[in-house]
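We just call them A, B and C in the order they show up, numbering each chain from 1.
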Amino acid sequence: MSLNLSLQQIVEQLGGSFTGNPETQIARVGSLALAQAGAISFFNDTKYTTQLNNTAASAVIIMPEHGALTTLPKIITDNPYAYFAKVSLLLNPVNKATVGIHVSAVVDSSVYVPASCSIGANVVVEANVVFGKNVIIGAGCIIERNASIEDNTVLEANVTVKYGCQIGQNCHLFSGCVIGNDGFGYAEEAGEDNTKCWVKIPQVGRVIIHNNVDIGANTTIDRGTIDDTVIEEGVKLDNLIQIAHNCRIGAHTVIAGCTGIAGSAIIGKHCKIGGAAMILGHLSIADNVTISPGSMIMRSISNAGTYTALMPSQEHEAWLKTAANIRHLTQLTDKIKTLEVAIAQLTLQNQSKPSKNK
Amino acid sequence: MSLNLSLQQIVEQLGGSFTGNPETQIARVGSLALAQAGAISFFNDTKYTTQLNNTAASAVIIMPEHGALTTLPKIITDNPYAYFAKVSLLLNPVNKATVGIHVSAVVDSSVYVPASCSIGANVVVEANVVFGKNVIIGAGCIIERNASIEDNTVLEANVTVKYGCQIGQNCHLFSGCVIGNDGFGYAEEAGEDNTKCWVKIPQVGRVIIHNNVDIGANTTIDRGTIDDTVIEEGVKLDNLIQIAHNCRIGAHTVIAGCTGIAGSAIIGKHCKIGGAAMILGHLSIADNVTISPGSMIMRSISNAGTYTALMPSQEHEAWLKTAANIRHLTQLTDKIKTLEVAIAQLTLQNQSKPSKNK
Amino acid sequence: MSLNLSLQQIVEQLGGSFTGNPETQIARVGSLALAQAGAISFFNDTKYTTQLNNTAASAVIIMPEHGALTTLPKIITDNPYAYFAKVSLLLNPVNKATVGIHVSAVVDSSVYVPASCSIGANVVVEANVVFGKNVIIGAGCIIERNASIEDNTVLEANVTVKYGCQIGQNCHLFSGCVIGNDGFGYAEEAGEDNTKCWVKIPQVGRVIIHNNVDIGANTTIDRGTIDDTVIEEGVKLDNLIQIAHNCRIGAHTVIAGCTGIAGSAIIGKHCKIGGAAMILGHLSIADNVTISPGSMIMRSISNAGTYTALMPSQEHEAWLKTAANIRHLTQLTDKIKTLEVAIAQLTLQNQSKPSKNK
C-alpha cells in the first residue's frame, strides 16, 4: 500500500520549493495523461502542454520556466524527472524482506547466513556458499556450491546461480536468469562410424559479476571455458539476453532486451547496445560505442560512435521488389559499369563529330 | 489416454453432417500424411489431394465442395480446421488437476484459496494474493504479494507472477514466464568520480492481463514505470517474447516467438506479429497490422496492412558481393545521377549535330 | 577444488610425450595470456607466439613442429586443443551428485527411482515418470506425468519437462529450459460480436529427444500439434532458442543461442545454425547446411552450403543514406533501365551521323 504525503512533507524531504496548498495529499505518482486525483505528475517538455492542461493529477513537478503554464499545486525544481523518480521511491518504498531463513528453504549445513539476510521459501543453497550482509534471496532461487553473493545484493524469485560464480555488492538479479551455465563449446571429431560428431569442451571458468550490476529476467550468462566471463561494475542488462562464455562486458555498459553476445566478445565501458542486437564472437567493441537495436555487428569497432545494420521496413508489396533488387544488386552494379563505359565512348565519339553550328 | 467416439457421437456433440458408417470409431486425431486407422484427419486445400488419396485415416473432416474427393467416412463442415481442433479437444480432454493445496506448497495465511482451485507442489503464494474459482497453479510457481488471478486461469509449472499484478479469467500462462518484472529504466547521471553512471527509475506500475490471454514459455512482461503495462483481451503470446514496460497490446493480437516489443509501444487490436520481429519503443501500431517475421519496425504505422524489413538470404559468396554493394549504395546512386547528367548532355549535343540522312 | 597432477602423471593417463621436469605440478588449465604458475596451457597457432613467450603457465601442450618455440616443460601431441580438453576434464572432474532422493523432493508414489539416480532438493516428479540408470535431476526441476528420462541423462537445476515427453540417454538439459510446452497453434474464428478471435488448437503430440542431445539454458521446445516434435541424436542447442511445434532437428546439428525455428520446419543432419538466426515454418533445410548468424531463412534449402542474409553494419550517418537508398532501390533500378534505353538510342543515332574524319 502507498503512503500518503502532503506537498509540504515531500518538499521537506526532497528539497525544491512549492506553490499551492501545502496540505495537498499525494498518494501515488502518475503520468499527466493517466493520473487521477491524489497523484503527482511531472512536466518537462512543452510538447505535452495539452496533457498538462487536461491532467487530473493533484499536483505537478515542473521547471521554474514552465511554472506559469499551470495553476495546479506544483513543486518547482530544475530536473522534474529525477525529482519525480525520488518522489516515486518515497511513495513506493522497496518491500522490506523478512530477515531470516524460511522454514521451507534447504540450506546446506556448511553455509553461514548472516542475521541480516533473507532466504525465501523453497530456496536451495548448496555447500560452501558465501553470503555478505543484507542479502535477499527470493523464493525458489537455487544457489549452487561455492558460489558467493556479496552485501546488499538481491535475487528475485527463481534465479539460478551455478557453482563457483561470484556476484558483487548491490547487484539485482531478476527472475529466471541463469548465471554460470556451461558455455556452448564443442570440438568436431570423427565418430566411430566415421561421421563427424561433437565432443564437449569442459567449461571450467566462472562468471564474475562486479558491484552494482542488474541482470534482467530470463537472461543467461555462461561460465568461461578456461578463464572467467566477467561483467564489470555498473553494467545493466535487460531481459532475455544471452552473454556467451568468455565475454567481458565493460563497466556501466547497458544492453537492452533480446540481445545476444557471442563467445569471447570484449565490450567496452559506457557502451549502449540496443534491443535484439547481435554481436559476433572473438571481437572487440571500443568504449562509448552505441549499437542500434536489431543490428548485427560482425567486425571489431575501434572508435566511439553509433553503428547500425538494419533493413528499413516497407509495405510488403514494395519490399518484395526491394528484396528482388537486392538479390540483383551485383548485376545492377555491373550494369552501371557498362553504362559508364558506353557513355565514355559516346562522349569520345561525339567530340570527333562536327556540330551543326560549325 | 484418449476416448473412443463414433462419427455419429462426434457430430451429435459438435454439429455438422456426416456421410459413411455412423459407427466408425475414432480414437485420435492425425495429419493426413501420418494418421493411422482409428484416426480422423482434415482436408482444407486441394494441394493436399494426393495425401487425401493415400491417407490411412478412418475418417476425414472436409468442406462441402471437397466432399466428392474422397470415399472415406467424412464430416462435412465449412471450417474443417476449426472443427478438427474441437474434435481434438474432445478426444484429448485437458488433464484434470487435483483440487486442493499440495502439502508442500507454501501459502501465506492471509490468502483464501477457493475449494475449486488446485495449488501444486512447491508453489509459493505470498500475502494477500486473491484467487478466483477453478484456478490451477502448477508445481513450483511463485505468486508474490497482492497479485490476483481470476476464474479458470491456469499457470503451468514454474511461472513467476510479481507483486500486485493482475491476471484475468481463462488465461493460460506457460512454464518459465515472468510477469511483472521491473522495467528496464535508468537515468544517466554524473557519478562521484564524474563518469556517468546509471540510476534506477523505480518501476511502480503493474502488469494487467485481461481475459483469455495466453503467455508462452519463458516470455517476460515487465511492469510499468508509472502506469501499468496492459495486455488486452484475447491476446496470444508465444515463447521467449519480451514485452517491455508501459506497453499496451491490443485485443486479439497474436505475437510469435522470440519477438521484442520495446518500452511504451502501443500495439493495435487484431495485429499479427511474426516471430523474431522487433518493435521499437514509444511508437504506435494501428489495428489489423501484420508485421512479417524478423522485421524491425522503427516508426509508427497508422494504416492496416503488411509490413516487412528483411534481407533476402543468398549463398554466402553471392551475399559477400551484395553486402559490399550495399555499403557502396550511396556511391552507386551518385554514379547514376552522374550518368543521367552525361546522357542528357549527349542527347542535347546530338540534337545539334547533323544526321547522315540529312 | 582441483586435483594436483604432475606432468608425468598426466602423460601416463592421456598419452603423448613430454620434455622438462616430470614432477612439474599442474593444478589447473589456463589460457596462455592469463595462466598463472601451476597452470598448463596449449599452443596451436604461431600467431600466438608472443603470448607463448610471455606466458606464466608452468607447462604447455604443443605440436611436435612447435616444440622448439618454448623452453617450458611441455607435452607434445598432434592435437593440442583436444589434449587440453582432456587435461581440463581430468583436473576438473564432474561434480559427483549424491545418489538418492533429497528429503525435500516430491516424488509420486507410482515412480520407481533406480538406486543409481540422484533426485535433488525441491524436485517434483509426477505420476508414472520413468527413470533410467544414473539419471541426475538438479534442484527445483519439475517432471510431469508420463515423462521418461533415460540412462545417464543430467537435468541441471530448474528444468521443466512437460507430460509425456521422452528424453534419451546421455542428454544434458540446462537450467530454465522448458521441454514440451504447448505449441503456438490457434485457428481464427468469428466471435459472438462478429469480430475475429482465436481458438486454441489442442497440442497433443510430444517432444521426443534422442540420445546425446544437449539443450541450453532457458531454451524452449514445444510439443507437436498432432505428431511429435523430434530432436535427433547428438544435436546440441545453445541458450534461449525456440523450437516450435512439429519441428524435426536432424542428427548432430548444432544451433547457437537466440535462434528461432518456426513450426513444422525440418532441419537436416550435421547443420550448423548461427546465433540469432531465424528459420520460418513449413520448410526443409538439407543436410550439411550452414546458416550464418542473424540470418532469416524464408525458403527451403535443398543443397549443402553456407547461406547468409545480413545487412552490413555502418556508422549511423552512412547507414541513414544507405537505408534511404534501399527504400528507393526500385526507382534506382528503373532509372538504370531508362539509361540503358537512352544509351542504346544515342549509340544508334551516333552510327547514323558522319564522323569528323570522314
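Here, a residue touches a chain if its C-beta (ideal position, glycine included) is under 8 Å from a C-beta of that chain, and two chains touch if they have at least 3 such contacts.
Please read these numbers as outputs of a predicted model, since none were measured by experiment.
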Graph class of chain-chain contacts, one of line, ring, star, complete, other: complete
Type of subunit A:subunit B copy interface by residue overlap (half), same or different: different
Geometric centre distance via CA averages, subunit B-subunit A, whole Å: 23
Residue list for subunit B, restricted to those that touch at least two other chains: 104, 122, 140, 158, 176, 218, 240, 258, 276, 310-312, 314, 326, 329, 332, 336, 339, 343, 346, 350, 353-354
Partner subunit C, residues of subunit B touching it in the complex: 28-31, 34, 79, 81-82, 85, 88-89, 91-92, 95, 102, 104, 120-122, 138-140, 156-158, 172, 174-176, 212, 214, 216-218, 234, 236, 238-240, 252, 254, 256-258, 270, 275-276, 293-294, 310-316, 319, 323-324, 326-327, 329-330, 332-333, 336, 339-340, 343, 346-347, 350, 353-357
Sites on subunit A touched by subunit C in the complex: 104, 106, 122, 124, 126, 140, 142, 144-145, 158, 160, 162-163, 176, 178, 181-182, 184, 186-187, 189, 195-202, 204, 218, 220, 222, 226-227, 240, 242, 244, 258, 260, 262, 276, 278, 280, 290, 292, 295-299, 305-312, 314, 318, 321-322, 325-326, 328-329, 332, 335-336, 339, 342-343, 346, 349-350, 352-354
